[in-house]
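In what follows, chain A forms one complex with chain B and a second complex with chain C.
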Partner chain A sequence: MKFLKQYGVIVAFFLLFIVSAIMDPGNFLRPENLLLLVRQNVDIGLIAVGMTIVIVAGGIDLSVGALMTLAAAVGLTALNQQGPAGGAAAVAIATVVTVGLGTVLGLINGLLVTMGRLAPFVATLCGLVAFRSLALVIGQAGEIRSMSPDLFPRIANEGINLGGNLKLTWGMMIFIGMAVIAHILLERTALGRGWVAVGSNEKASHYAALPVAKLKTLSYVFLGLCSGLAGLIYASRLNSVSTNNMGTLYELDAIAAVVIGGASLAGGKGKVINTVFGVLILALIGNMLVLQNVDSNWKGFVKGAIILLAVMVQRERKAS
Partner chain B sequence: MVEAQGITHRFGSFAALTSVNLRLQVGEIHGLIGENGAGKSTLLRILSGLIIPSEGELSVDGVARRFARPREASDAGIAVVHQELNLIPDLTVIENISLGREPRRAGLLDRAAMREIAVRALERVGSPSDPDALVRDLPLAEQQLVEIARAMSQNARIIIFDEPTAVLPRPATLKLLDLMRQLKSEGVGIAFVSHHLDEIEAVCDVVTVLRDGQVVKEFHAPDLAPEVLAPAMVGRDLEDMYPARTEVNGKPVAMQVQGLSAPPLVQGAQFELREGEILGVAGLVGAGRTELLEAIAGLRPCSGQISLKGQAVSGNARRRLAQGIAYVPEDRKVTGLHVDLSIEENIGMAQLPKFARPMLNAGARRAATEAWKERLDIKMRSAEDPVGSLSGGNQQKVALAKWLEGDPAVLLLDEPTRGVDIGAKAEIYKVIADLAAEGRACVVASSEMPELIGLCHRILVMRQGRIVGEVTGTEMTEETILNYAAGVETGEDVA
Partner chain C sequence: MIRWSAIAASLLAASTLFVGCTSSSAPTASGAAPAGGAAPAAGQKVRIGVSIPSATHGWTAGVNWWAEQTKALYPDAEITIVTSDSPSKQVSDIEAMLAKGVDGMVILATESAAITPVAKTAKERGVYVVSVDRGFTEPVADIFLEGDNIGFGRVAAEFISKKLNGNGKVIALQGLPSTVNTDRLNGFKEAIKGTPGIQIVAEPEGGWNRDQAYKAVQTLLPKHADLAAVWAADDDMALGVEQALKEANRTNVWIVGGGGMKDVVKKVMDKDAMFPATVTYSPNMIASGIHMAVSALRDGNIDKKRGYLPRHMRISVDLVTPENAQQFYFPDSIY
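Presenting the complex of A and B:
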């Protein structure tokens, strides 16, 4: 019973998985399909993992989709400045710039919330519009194409061969790695317990002499890092950045995954592993609709219904 | 008249109430006392329609009733004044009084009628508040009067007061007791829950004592002396409430405070504290007791010098905690504890670096929790339960454990027994005395003078941010302290 209370979302995922398998065993269960499902959601997954930390620490970040676009746009620009022949060095520079800028933008969000004493919703709403605007300026409202024809796309598209045409891509490994790191940070370190404490009761944390402002800031920094990595993988997958539509509504998908995972938007409660399954549930639904040839306009409706259902189920359990 | 008969209520397998009978009459003040966990809140929640009892019957004026929701109870003439007031801070006094029952004209609010209702109700309870003021801007005592006025405006015939005096300063408490007497003379029936047995004695006609979910005894005026009521509540004779004091003369100085100011509420505080000493801080509400302790703990900006065993102390609260100054705040729910987190998590909270460097050592934290459970006799089922599920006294013990875990030399305790029942109070006094006997220095700020007089070696009295008096030995009487606190003996005018 306690397991179900804490990890109900995992059970829900496997139920959905079985339903999908029964509905279309031929296509759904193909290993290629299952791997694709994860691969296509690595960017959302990374952001959702970071978002879990911010939400547990009592915050929210609406800027992530724009943030990852800006970081990737600057990163690709840096890549292209190395010229068409820019090899490994250029890709390394692009990686450092994208991930580093993501982290710095996360720091700015954190400082606006702590030192600027702004409500997280407001501070990051400003980021949402401002970061997007900067990205549009850089990309002249269009696409920035990478001039690295071969090396840069490898980050998202190549990896360890599992036999056949199955691949565990570097992007997937980064996602899994970050999820594990976030899980350990949150559950097993002073930093993580501090995040939970601040999200659960900021005042009591202040009186317990916890470094409240530092903890809150670091939660946004971590999410910035995750978003930067997401931007890098996204840009690598398409080998370009489309500044006007990359990452739009990612903030809402990430928050949805966290909520489906059972975290409380009031802070103090949430698990990284549950968020990961929240991401997988959203991915599974998308995949199922495609395989069943459902008009893609229905996707949002189904997603909304699933979120509602998840929240209601979890609330009922709390009341009992 | 409201009558409850054979009320039994179970939460799961736990019986919170067993066959309880209670009769609330109009024109009578009925005291309801019991230790935390005795079932008072459950009974009040049943009377006010918040929960439906598993068994038993309620009747109003002889007619059996079943309240499915609070609105039905209030329609039947039963109103509740909660300890945590149920007002909307951002609405005006007028709007709060009519809330949910606004008079309308042509579908729109009838503002004139609302004002008339509010003004009449405020007048009846003697409230000085401006009807157009936002409730947020009123002092707590006035907010409470607004809540009572709301009950009056609904023609309540029975008003349940749930620990209304726990949050009030003394003068406001006396006024409230007068108001209760006045309402009684106007034919209103009152149920009065309080931990303060002197207040119960002062106003009640009948007192029902609950223990472990059962009515153990009913007392009638004039036999309501605290010495009579307390043993019935606790179920045993209370040994002396206060433990013996140890000798501290000649002990080394533990902490020295010089010229400490944290404007506007602490000005030029100066005192010494010896090892093993329990120093009281008295004063009226707003005199700066909490602020003094917070300033010493580094929780608010201040100037002046503090030294601990000769070493200067400075920096933020973290540094001072590490140097040995721990502050246990007064409000456990908001500042003292993380009520939604587990007991063990709370006990480790002020010492996170100790239990997680960098990886959390859950075993060490569990062992520490078990050790404190033994040492302070914390009654809990599992270290993983949320701390909010414990009774007030046990929560306070967890709060103590949380700050004692860092082994502080000086312990600053703010209202250490607020909202704690009488049995647990005695236990907490014993804990404080034991800590002092180990050589720790304790500062206890409290609004309860008997507590300071019974427990402390010496008492500082604050008024308007200054330490205006120091009493010790036989001088420690409520009268002397009050004189200092109100500015009588300093010869100053009370401007």
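Presenting the complex of A and C:
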């Protein structure tokens, strides 16, 4: 019972998995399709992992989709400045710039919340519009193409061959790696205990002499890092950055994944592994809607209903 | 707290300054009056307000780009471009321009019905109204330059039916649920119905963007091993489809998109086997609308001209093939 209480989302995932498999076994259960579930959602997954930390520490970040776009737009510009013959050095520069800028923007979010004493919702809402706007300026509202036709796309599209059409891409490995790191940070370190304490009761944490501002800021820095990585993988996947639509509404999908994973938006409670399953549930729903050819006007309704169900399954379990 | 408000205030001041710089630097592209035309006397600049949707995907980014380009062509006119991300925002933006005072308005409506009342108000105040792409629900525009979204789907469907010799399986990739999308998709499906051998196996949603289109088609490909072609309701999405097909080694499947994106037109021109044709729906239609407003207004006599000009023009959707692609290719355009 204790397992169900803590990991209801995993049960919900397997229920949905079985339903999908029964509805369309021929297509859904193809190994290729199952790998796509992860591969297509690496960016949302990375952001959701970071978002779990921020939410556990009592915050929220609405700027992530715009943040990853701005970071990737600057990263690709840096790549292109090395010219068409930039090679591995150019790709390395783009990687450092994208991930580094993501982290710095996360730091700015964190400082606005702590030193600026702004509500996280407000501070990151400003980021949502302002980061997007800066990206539009850089890309003239259009698309920035990478000048590395071969090397840069490998980050998201190449990896370890598992035989046949199956591939464990570098992007997937980065996602899994970050999820493991976040899990260890949250469950096994003083930092993680600090985040939980601040998220559960900020005032008490103050009195307990915890470095509240530092802990909160660090949660945004970690999310910035994750978003930067997500931006890198997105840009690599399409070998370009569309400044006008990359990452739009990613913040809501990421928050949805965290909530499906059972974290409390009030802070203090949440598990990275459950968020990962939250991401997989969203991925499963998306996959099923496409494979079943659901009328696109109805898609949102079906998605909303399934998310609701997934959350309620968990609550039922908890009550028992 | 005081320190922070001071920083915030200076940031705000800096950003206004920045906005001021960018908007004032735009019209300096050319200082001379256009040759041949009778330039209006000093102090009598024609004031044109241009109201268009924000750049939320490639095509609207194209609209923005073309509007800015056209602005530089008419240094003797005072052209103000305002972008709005929703119908309600567009209404207030147009109201603000009317309050400021304009002689003409060029409007690409985010939604027809929602913008009609404010366009009517403009008309009643004696403003010359040019409507581009999507019309109003009442005949309030002096000129309506219509884009043909049903034709967008139809022309592509006719090409696909012909190229497949009336037999084969296709995916119809649609954009976000909207009037434009419904018209394009219905135009496509209606025309396909005429060829019973063509089967639409799926109608996934590509959200007008490359990434979503890529993922949707990537998911569907293993399911449809005998797929012959993909129709995409927009060129951004067509590029996502291309990537999904290439990664899956399904390059025998070809794509017909549309919208006039330069990269796609280039592929057609270069006889790329995956892009045998595309259809036009160029964002430069906003430029046509601005030209019409400026030329109608700047020499006066507007009441007389009204009788000379057509009230309604429809921009044809052209099939772009390797033979004629050159004339639809704008290498400098952002889209």
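Here is the rule we use: the second predicted complex is superposed on the first by the 308 of 320 C-alpha atoms of A that agree within 3 Å, B and C clash if a C-alpha of one lies under 4 Å from a C-alpha of the other, contacts with A are read in each partner's own complex, and residues count from 1 in each chain.
Operating definition for what follows: contacts are C-beta pairs under 8 Å (C-beta built on N, C-alpha and C of every residue); 3 or more make two chains touch, one makes a residue touch a chain.
Owing to the predicted nature of the structure, the values given are computational and were not obtained by experimental measurement.
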Chain A as common anchor, with chain B and chain C clashing or fitting: fit
First (chain B), second (chain C), both or neither touched by A:Arg188: first
In the superposition, chain B vs chain C on chain A residues touched: C
Which superposed partner A:Glu32 touches (first chain B, second chain C, both, neither): second
Which superposed partner A:Leu238 touches (first chain B, second chain C, both, neither): second
Smallest distance from any CA atom of chain C to any CA atom of chain B, in Å, after fitting: 17
Footprint of chain C on chain A - complex, ascending: 26-27, 30, 32-33, 36, 40, 115-117, 136, 140-143, 157, 165, 234, 237-238, 240, 242, 244-246, 248, 286-287, 290-291, 293, 295-297, 299
Complex contact set, residues of chain B against chain A: 299, 316-318, 321, 327, 329, 334-341, 345, 348-350, 352-353, 355-360, 402
Touching residues on chain C, where the partner in the complex is chain A: 1, 4, 55-58, 60-62, 64-65, 174, 177, 202-205, 207-211, 214-216, 218-220, 222-223, 236, 240, 243, 247-248, 334-335
Touching residues (chain side chain A, partner chain B) in the complex: 187-194, 196-197, 200-201, 203-211, 268-269
